Structure formats: structure tokens, C-alpha cells
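Let me begin by presenting the structure, written as C-alpha cells, before commenting on it.
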Amino acid sequence: MSTEDRANSASAYSISEHDQPGRLRRQLVFVLRSWTLNLAGAMEFRLSFLLTAGMMLLNNVVWIVFWGLYFGRFQVLNGWELHDVMMLWAISAGGFGLMATFFGNASRIANIIATGQLDVYLAQPKPVLLHVLISRMSVSAIGDVLFALLVFALFGDKSAAGIAKFGLALAIAAVIFIFFTVIVNCLAFWIGNTEGLSFQLFNALVTFTTYPTAIFKSWGKLVLFAVIPAGFISYLPIGLLREIDLPFLIGALAVSVLLAAGGTLLFYRGLKRYASGNMMTLRR
Amino acid sequence: MSSIRVEQLGKAFRMKKKQEGLAGSVKSLLKPLYEDKAAVDGITFSARQGETVAFLGPNGAGKSTTIKMLTGILHPTSGFAEVLGCCPWTERTKLSYRIGSVFGQKSQLWYHLPPIDTFELMSRIYELRRGDYLQRRDELIKRFELEPYMHTPVRKLSLGERMRCEIAASLLHRPQVLFLDEPTIGLDVIVKQRIRQLIRELNEQEGTTVFLTSHDAGDIEQLCERAIVINYGRLVFNDRVEWMKQRYMTHKTIRLVLADDSGGMDVPGATIVERSGARLVLSVDTSLTTIEAALTDVMSSRRILDVTVEDPPMEEIITRMYGDFGEEVRTS
Amino acid sequence: MTVFGKMAKYAFIGKITLRNQLAYMIDFVVRSLFLLLILYIFLQLWQATFHGEGDAARIAGYSFKQIMWYLVITETITLACPSLCTRIEEEVKNGDVGYRLVRPIHYIAFHYVEYMSEAAIRLGVNAALGVAIGLLMIGPPELSAGFLWLPVAAAFGLTVNFMLNMTLALCAFWVEETRGIEFVYNKFLFTIGGMLMPLELFPDALQAVSHWLPLQAVLYIPAKTAVAFDAGRLAGMLAVQALWIVVIGVAVAWIYRRGVKKLNVNGG
């Protein structure tokens, strides 16, 4: 066979249907498939899977115990009661858990950029940010999600409206967690390996979201709502669950949308600057 | 029809210049000094559809950078490139459905899962038609002899088994061009041989353009029609492998350990590079004699305890090319 | 080898660890920012709490300043503790433990020296930072002889923590994953160990339990010694720490010996 003939046989037909209608459905199938694969990977180590998830659940329970002790002694904290703090923990742990379970690579993006592991995702025809995010699942975070559901099931308002409000709160928290994390990790595109810094900023968000907004005054409030958007998560138990505070809710939704758009934009901007490394890496 | 076309392609990296010592570290933190380093410095070449091209050069010559620009992973700082009529970095997604890539040092297989699962995911990523995918998968499993490993977690596979799975995975969607970045790195001779053979068969049967980087002269010799050699980001050689073999790969190195002293020995057609006691290193000019003849010659007078035959390293071939053309570039 | 030679060997391990740590200084300072964050949050929390109690002068015997400096000390020590489980688990998993065992250095002693030198340098940085933050945000503490005893109590506390962590870390000989256990242990240390608030604020029953646990020796005793010094109770407190060091130390030695035996029988 001559080179020309060979060339013809190669372009003869493609077995991909990517240019056919039904793109959205295929995208969805891809995302679901990635999640089930992640879970299967985690199940490879069944015992440690259960153990780590259980540990995380226990960890959160210990914090609830701390607050139980606290409120046992002081009853009210600037208008917050134990019930509110429990819901706060449910939303914060739940939002974080959803991020780490379904978009588990979010907090590893800085490392992925710095070590050149983006290559594999870039060589494949799927939206890069989405593909990166869903390619890992933090097993321990499943414990966080379970914790959130458990606390809600035990202490939450289980009316239809209550469930809807809790679902919305979780969604807002998850979106803020995911895209704030993406943004701080994207710094690595510009200033090299920022793993430490990115992690600290991410950690600050997580930490702030687990304390009642009511303890912060002037400057603290400003940081909470303007710099690190933790306030939009940690005020949800009061501003959404207890009673809908419309200006706050609109603000929280706007911030979620803004972070999502900004994070995505920043990531794709950064891609243009991406300089892939040559480190020996294995996909884990 | 040309499937790869590259003109004056260049990529410069901005490097932070680090000064020595603690004071230097602090200084570079406050006021970093930058330096532009050209990894690829204006190279031009093209490849026809169905051709097998070897992209060669020593470590750090700019091979990986070039292949990453051609697959759309990196954006170049200057120049132009076209793969299958697409600009890789602006039409990356569109192009990626039609090309396959294997990066020897970056695995696309899921570490804790068996390859069959990654294959399945790949079929979703490339949105393959179900029936076609299954047929294609079974065909590749058979051809690459992967049946025994398909259900073993990747972390338990050997490097060679893993590499075969990597290549098969990148072929699932029937790419028209296959980019391979150091596919044989770290493998032993027999596994290398097998992988070369598989790639050659693929090219012959499916007409896939194969573009492969390597710093192993053996890869091209057995696999490719044409060789492009770069060094320090510049093109050094671009011609048929045949010609390169005749002209520059004329020598092979034989390392011998003899039973007794090697003093006063002479092998026609070979020069003695190194001699210390019973150890002997010969450089055999294959245009004058064969390896077999040289070895027979040695054996006629000495007893051999150990022998290895090697290709000359890339660095040596390049030095010879420079010797021929000076700084000039030879292209056909 | 003479006793002095032995000492020199361990001193050298300590020195190497210190140097290694210094190399990570910048990363380190960034990490220490967490201290700033958490102290800020607690400042706000306790301000609100004291305010909520009708601007009380003291809660459970602690003034606002005392509680804040108590937290500065517990946080500083907590953040100075290296993760022993991560290290040991890694060594057991990749088989390094085998090589470590054949070296003429006692395995536990080696890790103790490494742990303490790393903790010492981290403690130095954290303390400088903690004091700076404390002075700026809270104001100077009421100085007492307790601050002179703090280094001793802190060293004892870190030793107890090392021993407790070692018992958990050595489980790596039997179970695959010990970091989870460590994680939960830390959480107990934070709550009933008295990192987040002094034991006196607990309900009576829990207080009684906490005083019988080794956890109080790690953070509560050093912090309490410094901010609410009581010369009459000092000897007792240090004795409690020493007692726990001995008791858990014996347990560590026993577990270690069983672990090595298992390693010898089954291989790494």
C-alpha cells in the first residue's frame, strides 16, 4: 500500500459522533462515568474507604460537641443558638463535602499546574476545567456529605420548604467553595508553585465558614463578605434557613454566579500561560 | 497531502534567575530577575499523511516542547503550525478528536483502576459510537495482546505493559495522527522492540501519521522513514532515515571483556577507543565491516567473557552532523 | 561507643532536622499565618462571649486576657506538632522501616529527637508570631512566674503528645491507614484536651473525666501554668505530665516490640 492509499484509509471514517446532535447528553454521560470510576477507584481499598469517611464524620461530630459544651455554658451567642450553629456546620461541611467528592481536584489545581499534569487533560477533547475537577474524588469528603445529611435529618426543618431551602444553601455553599478554590489555585499559572499559599487561602475560607458571622465586628465582617466570601456561606443558617433575608440571598446568589464566571475565566486565561513541566507523574 | 506543517515555530520560556545563598533567595523574592530562554527557536518542517517521522535530539533539545505545541498544550511565542488543517492552539478541541497522544512520562490511565475502565472513559471522552467502540477496543486488545492485563489495576502492571495500554488507549478513537513523546523511555530492549513493531504495524495498516520523539537512536532506525534532528531548539537535520544511517550512524560501539589481556590486538575496520587490561571498547565502522565479522575476528585470537553492542548516543551523532555542516542546517 | 559519643549522634540528627526545617522557612511563615487567622477568630468569639455574659470580669476564674493568652499558647503548641503518623505510615508502607531498624540507632529515640527538634523550631517561629499577635490584639499578659515554667511544661507536654502519637503511629504495623486515627485523636485533643477552652468551662462530669485523661497534659497544663500560675499546684502538674510520659512510654515500648516481632515474622 502506498503512502497515499494509507492516508485515504485513515481518513476514511471516524468512529466519533462528537459532531452529531445530543452533545449535552454525551457530556452528562461523561461526567457520570467519571464519578462512578472515581468511586470504583476508592472502593479498591474498601476498609480504608469506610474508615476515612467515618473519621471525617466523627471529626465534625467532635466540633458539634465543642459547640454543645459552649452553649451548655453560655446559651446564646449574639443571637445564635446551638441549632443555628449545627445548621452552619451542616451547610459548611456539606458544601465542602460536595466540592471534594464530586470536584475533588479543585484544591489540587495549583499542584497540577506546577507539575505539568494538565498535559493529559489538554490533549483530550473535553472542557479542561470540568475534566480536571471531576477527575478525582476525596473519599473522606463523603463523610462530610453524610454528616451534613445526618445533621439535617436529625435537627433540620424537614418540611418541603425546609428541604428546598437546605438544598439551596448546600448548592450555594458548594459553588462558592469550588470556584473560590479554583481562583486561589489558578495563581499558580502566574507565580509558579503556589500550593502553600493557595492552600492557606482555601483553609481560611473553610475555617471562617465554620464560625457564626455574629461574632465578627466591623472589619471582620468586611473581610468575611468582601475578601474571603465565607460570610455568604456562614450567614445562610440565619439569612436563608431561619427566615429568608432577601437582600442577603440575592447577594449570595450573585456572588456564586460571579465566582463561577470569574473562576472559569481566570482558569482559561491562565491556560494560555501554561508552561508544562517535565516531571514524572502518574495519575492517581 | 501534508498532515503536519510547521513554519518558524518558536517558544521561549521566562525563567526566574535565582541568585545564590539566602540573601539571593530573598532578593529574587522581592525583585525577581527574569531571563528568556528559547526552548524552540524557529523551526520549519512538514510531514505527509501516513508518514512516520522521528523527532530526535538530546535531552532538553526542545522535542517535548514542540510536540506539546503541535497537540495544543502549549502556545508558541512565534511562528505557525498546522495539524490536519487545524491550528493546534486555537482549535485544540476540534483537533483533539482526530489526533492521539502518548506522553511517556505522563500517564492517562487511572492508577488505581484496571485499563478496561480507562478505555471505557476514553470512549465517553471521545464520544465514540457504542458498537464501533466495542469492536475497536477488542481489536486493539487482540493486536496489543492486552487480554491478561485488562482487569488488573494499573498500579500492578509493569512499565512495558502499562505503555502498551497507554498506546492502545490513545488509539481507541482512530486518530489520523499519533504523537508519541518518548514512548520507549525506561523500557528494556525486548519491550522496546515489541512497541516499535506495534507502532510500525499500525502505520502500515491504518495509514496513521506517526510523529515520535526520542533520544534513542534505535527507535528511528527500526521505525521511521524520516528523521528530524534538533539541538538547542534549532533544526540540525531533516532527511530520510536511510540517508542518516548511511551518513552518520556508521559506527557501533562494542564493549568487550576478554579472558586475558587485550594488548597488541588489532581488528580491521574497527578503531580501539579504550583499552584497559582485559577491557576493550571498539568503534566499528559498519560501512567497512559487519559487527559479526569484527567479533569473529576478536574471537579468533581471544576468549570473550562479556560483550555488549550499542548504538552511538544521540550527542555523538549530532556532533558528527555539526562537523559536516558547521552551523548550517541540512533540509531536503 | 561512649555515652558522649551516643549523645553526639543524636545531637547530629537534631541538627540535620533543624537545617532541613530552616530551608522551608518561607513556606513556614505562610503556614504560620493560620495562627493569625485562628487567634483572630477566637478573639472575636470570646469578646462576644464576655459581652454576652454582661461584660463579666471573669468566666470560670479566667479574665478575658487570661483566656486569650491561654489560647495563644495552646494554638502555638498545637501548630508546632509535626505529623508523626504520616511519617511512620510512610516508612512502614515503603519498607524504609526495615532499613531504619538495622541501623545502630534506637527507632523510637531517633523519632523522638527528630520530632522534638522539628517541634522546637516550629515552636520558636510560632511563639514569636503568637506573642506579636497577642501583644497587638490583646495586650500584654499578666506576667507571673508561670511563664518561666512554660518551656518546661511545654517540653513535657510535647513529649506526652509524642508518646500518644507514637502509640497511634505504630498501629501502622497492623492497619494500613493511621492518619485517620491521628485526625480523630487531634480532634479530641482540641476539645476535651482543652485547646479550644480551658477545662474549667466544661460541665462538672466532663471536667472530672478530663482530669483523668493524658490529653490534659499536652496543652492544658502548659497553658494553665503560664496564664493562671499557682505555685502550690506546679509540682503536682509537672508530676502528672511526668507520670503520663512514663506510663505511655512503657506502652509505646511494648507495642513497638510486638510490631517488630510481627515485621520479622511476616516481612515488610
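Letters are used for the chains, namely A, B and C, taken in the order the chains are written, and counting of residues starts over at 1 for each.
Heads up, the rule we're going with is that a contact is a pair of C-beta atoms (placed from the backbone, for glycine too) under 8 Å apart; a residue touches a chain by one contact, two chains touch by 3 or more.
Note that the structure is predicted; figures quoted are calculated from it, not measured.
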| item | value |
| --- | --- |
| Of all other chains, the one whose Cα centre sits farthest from subunit A | B |
| Central subunit by CA centre of mass proxy | A |
| Subunit B and subunit C, separation of their C-alpha mean positions in angstrom | 52 |
| Inter-chain centre distance, subunit A versus subunit C - centres from mean C-alpha coordinates, in Å | 31 |
| Centre-to-centre distance between subunit B and subunit A (centres being mean Cα positions), rounded to whole Å | 39 |
| Two or more partner chains touched - positions in subunit A | none |
| Subunit A to subunit B touching residues, read off their complex | 1, 3-11, 13-18, 26, 29-30, 33-34, 37, 40-41, 44, 116-120, 122-126, 131, 192, 272, 274-276, 278-284 |
| Touching residues (chain side subunit A, partner subunit C) in the complex | 45, 47-48, 51-52, 54-56, 58-59, 62-63, 65-66, 69-70, 72-74, 76-78, 140, 196-197, 200, 203-204, 207-208, 211, 214-217, 220 |
| Complex contact set, residues of subunit C against subunit A | 27, 30-31, 33-34, 37-38, 40-41, 44-45, 47-49, 51-53, 176-177, 180-181, 183-184, 187-188, 190-191, 196-197, 201-203, 206 |
| Footprint of subunit A on subunit B - complex, ascending | 1, 3, 13, 16, 48-51, 64, 68, 71-75, 92-94, 96-98, 101, 103, 105-113, 117-118, 120-121, 124-129, 132-133, 136, 153, 155, 173-174, 176, 203-204, 206-209 |
